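Both of the next two complexes hold subunit A, though its partner changes from subunit B to subunit C.
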Partner chain A sequence: MYNIKKMYNAETISDAVKFLTDNEDAKIIAGGSDVLIELRHGKLPNATLLNIRDIKEMQGIELINEDIIIKPLSTFTEIAENQIIQERIPMLAEAVNTVGGPQVRNIGTIGGNICNGITSADSASTLFTLDAELEITGPDGTRNIHIKDFYIWVAEVDLKQGELLTKIIIKKESYENYFGHYYKYAKRNAMDIAIQGCAVNCKLSDDKTKLENVRIGFGVGGPIPLRCFETENKAKGKLINNELIDEIGKSVLEEVNPRTSWKATKEFRLHLAQELSKRVLREAIERAGGHIND
Partner chain B sequence: MIEIIKCKINGRDQEIAIDPRESLTDMLRNKLGLTSVKKGCEVGECGACTVLIDGKSYNSCIYLASWAKDKSIITVEGLTSENGELSPVQKAFIDESAVQCGFCTPGLLLTATEIVNSGQKYTREELRTLISGHLCRCTGYENILNAVEKALNQEN
Partner chain C sequence: MSFSVVGKDIKKVDGIAKAKGVARYIGDIEFPGMLYAKILRSPHPHAKVLSVDISEAEKLDGVHAIVTPEHQPKTRYNMAGFPPNAEEFPLIEDQLILTDHPMYVGDPICAVAADTEEIAENACKLIKVEYEILPHVIFAEDAMKEDAPKLREEGNVMFEAPIKFGDIDAAFAESALIVKESYSTQKVYQATIEPTSGCVAMWDDSGKLTVYSPTQMPHLARKIIGTALDMRLGDIRLIKPHVGGGFGARLGLVIEPLTALLAKHAGRPVKLIYTREEAMAFSEHRHPCKMDMELGFTKEGRITGMRFTNIVEGGAYATHTPSIAGIVGPWAFGMYKMQAVDYLGKAVLTNSMYNGAYRGYGNPQASWAIENTMDIAAEKLGIDDLEIRKINGFGDDDIWPWSQLPVESSGLNECIDKGAESIGWHEKRGKKLGTSTKPRGIGMAVSCHVSGAKPGLLEISGAYVKINEDGTANLIIGNADIGQGSTTALAQICAEELGVKFEDIIVETDAVDTNYTLFDIGSHASRQMNSGGNVVAKAAREAKGKMLEEAAVMLDVKAGDLDAKDGIIFVKDNPTKSLTYGEVSFEAHFKPEGTQIFGTSSENPEGNPPVYAAQFAEVEVDTETGVVSVIKFVAAHDTGVVINPLNTTGQIDGGAHHGIGFALTEESVVNPETGLLENRDLANYKILTAMDMPEVVSIAVETPAKTSSHGQKSVGESGLIATAPAISNAVYNAIGVRITDLPITPDKVLAALAKK
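What follows is the complex of A and B.
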């Protein structure tokens, strides 16, 4: 038996906002694959839960003027199987397919994956490289923020009293002509948490010889998911060759900040950051139709 | 705390008095005696508690009983036909010696049933990924994969 004191089932977003505003200690539950584990481990004793699973406005994936709107209750399976995602941002399908195993992917939602504020969340670094915007709804209405500003610290995100995540928006200009790749480095091929995850999304010049734009994201590159903006700026407009790739691999080391945990040492994670950024970038360039010259 | 929910269990419409704090595993085992649903880790890691909810596999240990409202749930008890005959997936598991201690078997049978019901073809590598949410400490997985492959080839 889970140690739940009270559970309220919200039917609409405004219903949920009201309950959250009135109940300071309420914990949102979506798929439950983090919350129920915490409950099982006794970390949320006597919980007051706000169940948001039945809120229709928070389900589904839509295309509005070619902007992709992912509602937070979308499960990993729904995202991976969705045509809009597969055709326009296949790297997100690739990323969410690395989560747990099939049963967990049927349960876990992308909203829960971001809102838990965990650096190893497999969808996060990819959403960083898609410049995802988050719509947050609270008692004062909605506000939109870039996902990089949503993460504050380990397990701490920019959700104020009464607020919840209601949309993930990927603008057309953020994904059009971009090609990307996500790689999860873990000890096992399934049912394992990333030792590090790397996502690279790039856009090449028309003749495919230059990196017109590149975005590099890491999970477990630091306490929260991160982007390597300085490296990206240095690489912009550069001719694609092995030298550039080596430079990028070295440069990301200035921007990541991993630590030692029981899973891996800081030194190993730094080694991974250099190696993964290079490999993932190569793959992204190839997917974009580019060719890496010596 | 008591709540009455309506759902379909192994093809039969039921009304069940649940405790909103209990997991679907507890409801199926304790309220309905469906003890094929195993309790392994109870934190979503091992797949022993897997059931089909509206045709898809879920870990019933991290799924609240109250969420089963209006859903259709299948456990191994629902795989056999009226006269007790085993399903093709169950037969394949026996034929291929895919069962040793049997603790992981109910969950795997349901995931395998979902795979076979999908009507799609899969490579052995893809099947490996599809059963990756199940831990088996006995068989080494090879015979399980043989069984899933056999059931898949027979059906499709």
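What follows is the complex of A and C.
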């Protein structure tokens, strides 16, 4: 049933990097909630697996000079229950709590969620709106990139031969005074994949009447998670009112590019993009202490 | 009447074994030397097999047998488990075990038995099959077009079921209102927790076949296996292990003849277990129906007549489809009195995996059409929804047109009243509920169902009760407990009638064996409490009578002076004068010329009392996203006398779960180009999770049946029948638009709102 040729248990990052460098076809396994399903469906015949679960350096959530460092082996449950996350970026806890069910959240890792390269990943759009930085470690050392540059295409991320994701960094300036919300639209309230996910993170002016900054992210808004930068720029500094929210709802339609599948039509997903962005933005503004005037 | 065991909350006899994981299901059954099988299936929805080359596959290490269409008997059979009196629904025998003319994606071409599943699967990949691809058609409406590919000489409509009575034109002419609407229901999956299907088959030296099959109908399954393999029934022994849910998915055969054929060729036991994906893609789902209904009313709201046409999408083989085409109409006119009916059901062949039985057997489709129509009519006539249903319902003394047998007792009005009170109908209906973007509404629908299939189908059940020498009793029944708890409830009836404690009844749910049990039609048509209850009660009464006679001799009284309770046989006038069941049975066994005391019964039940239900839903509609959420659900069911309240509630709750999924999220999506089921796993097929279920209030209304052993009727299927229209009517109440094609999905709600 599980057609595995070889499995290697790495104990350190450098150990893992070496194995990945030496084994071009190696597949990284952490929680296994995606990889085991692929194996069972015969999509990874004769697999060479690199198990990274035991790498201590890749576990835990830390605060360094108020920058939040999430190690990629953190499970969804660990993130949702972590005090650093709950106090500083509760929207991420909210987002990862929408993944699957309790059992999946107990084994699934945030690193796997991102590196899988799937547009519906519940953590991804939120991390986009937190301007998350990813530390990638490879044979030549480490490099840091913005999460939006990490995603290349469906199931394709910027990991070169020998590289793996080693840190998710959310800088203090990216989250301080920001308030956000993630909404997962799916057919069920558990054990489901998003038809669309929308994350909005915003910072209001001191008097709470203007949007000083807003970041809007989508899962399943296109082939990979995305940010609506043009809409964000247009909204910057604007007075908060219903008109602005409607404008933003319309504007995101220029930036998302969903497709028709048997699960939902493009038209329906576009409708959702408009409604969800408005709904999530309202919630984010309210969480930030703002008030939406008619 | 007061009972001492009937009506008590007794836990399922196999509950602990199942909870602990030690209950053996088909997947757990192992034998020395057993092989594992995989099927090579057609990748095309319609094709001719030009050649099959198994030479490479045969060479693979660990392969022990490969069967191809050449290796099979040429007898055609029908998978559906019908007794031989199914005159009204012709049993079209159109299937072979393997085919060289695949009619759907998945039609078995060859099968392999090997040392492991993996080897069998690899061997399947090495079999070379050359196909001539033929034009295909997936949907019934396309299959009925003139230029559609012809799947049979006789055409794609395999069966027509016209049912007429009264003068429909006259009825409509005198109607104050005629409501005309078109409806459709989708293909849906039963979602048994244990995937359908699996089988273990083996042959002994004398040519006798033993089959382990998780079937709903052990005796009828044996009969179809006999037909498919051209064998004497007596040479086939079928054993039903624990089964993880049926819901109709095991109403007949799934893969038993193929497993047996492989075992014969391999000369060793063979096990064939479907993966969840195979179970979803290659076993029977509920028939999609396209229905046009016209219902006439007097201005007082009395139904005058019904014109009803129904196109049933059957899939590639007949199985249950002619029967479904025939029964949808009667479900509709079985709900309400009407003078005239003109119904036409058409069973249509297509190139998709065939559809079959699923809880309710055509009734959810009928209910969807008639209960939406009733809601429309009530509004147009200005009559309360509850009232219009009461006006048209059947009374205790009516003959029920579905069965032509007496209604016996109707709890419909009580169900309506109790359900309405629980949901707060009178306080909420007609009021604006919820907010402007999240309006709420309440709606209701009613349903009828059967307590068996009489007289359309034979109803024979059999029970055998033997009293052991210590006074315990074995209840041996040939019916299939498939998880619903029927055996526990039948053991309660047995204990009640014997006058012993429940713990003194020994009964097995995991070893129904056709060699040692009396014939039973099976677990279908919600019949076990009525038909099974009848024979269990009679067998127990016979055994008890003999026990009292034995005791009478021992106590020197007349048998008529005695009774039994809790395992004590006592003189009615002087209860201290008594013997235990153990003392009496011991004496019966071991006195000179001793004999074991037993009772048997094998017969059809006297009646088929209909059951009624009224279900109520409060929904909230998100008008921006189109999402419908059920906030509260009330299901009031006339079950007759409740034998086991725990199980009864479980059946009603489970029915609501099936029904709400049918209404809102579940749909088996077949791709018209490839012919394959798109959502063939439980991630993509949306049965509701615990997080999705609303509060469900289940109410049992115990209106006693006149003909059953203890006044019981049924509750197995009825739970989901009124559910979808109750929700639809609540959605209409909330937003003023009606979705007539199931399921009620957000995109349909948004489109309907945009048109409003």
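Odds and ends about this structure:
Throughout what follows, the second predicted complex is superposed on the first by the 293 of 294 C-alpha atoms of A that agree within 3 Å, B and C clash if a C-alpha of one lies under 4 Å from a C-alpha of the other, contacts with A are read in each partner's own complex, and residues count from 1 in each chain.
Please note the rule applied: a residue touches a chain if its C-beta (ideal position, glycine included) is under 8 Å from a C-beta of that chain, and two chains touch if they have at least 3 such contacts.
Quick caveat, the model's predicted, so the values are computed rather than measured.
In the superposition on chain A, contact is made by A:H271 with subunit C only, not with subunit B.
In the superposition on chain A, A:R53 makes contact with subunit B only, not with subunit C. Once the two complexes are overlaid on the shared chain, A:W262 sits against subunit C while remaining clear of subunit B.
Contacts of A:I107 after superposition: subunit B is touched, whereas subunit C is not reached. Touch criterion met: A:R279 reaches subunit C, while subunit B stays clear of it.
When both complexes are overlaid on chain A, the residue A:L253 reaches neither subunit B nor subunit C. Once the two complexes are laid over each other on the shared chain, residue contacts for A:S33 go to subunit B alone; subunit C is not touched.
Of the two partner chains placed by the overlay, subunit B and subunit C both lie in contact with A:N189. After overlaying the two complexes on the shared chain, residue contacts for A:I84 are found with neither subunit B nor subunit C. Common to the subunit B and subunit C contact sets on subunit A are residues 1, 3, 101, 189-191.
Contact residues of subunit C toward subunit A in the complex are 117-118, 624-625, 665, 669, 671, 678-679, 682-684, 686, 688-692, 746-747, 750. Within the complex, the subunit B residues that touch subunit A are 19-23, 26, 42-45, 47, 50, 56-59, 62-64, 66-67, 111, 129-130, 132-135. Those residues of subunit A that touch subunit C in the shared complex are 1, 3, 101, 185, 187-193, 262-265, 268, 271-272, 275-276, 279.
On the subunit A side of its complex with subunit B, the touching residues are 1-4, 7, 32-33, 36-37, 40-41, 53, 77, 100-104, 106-107, 189-191.
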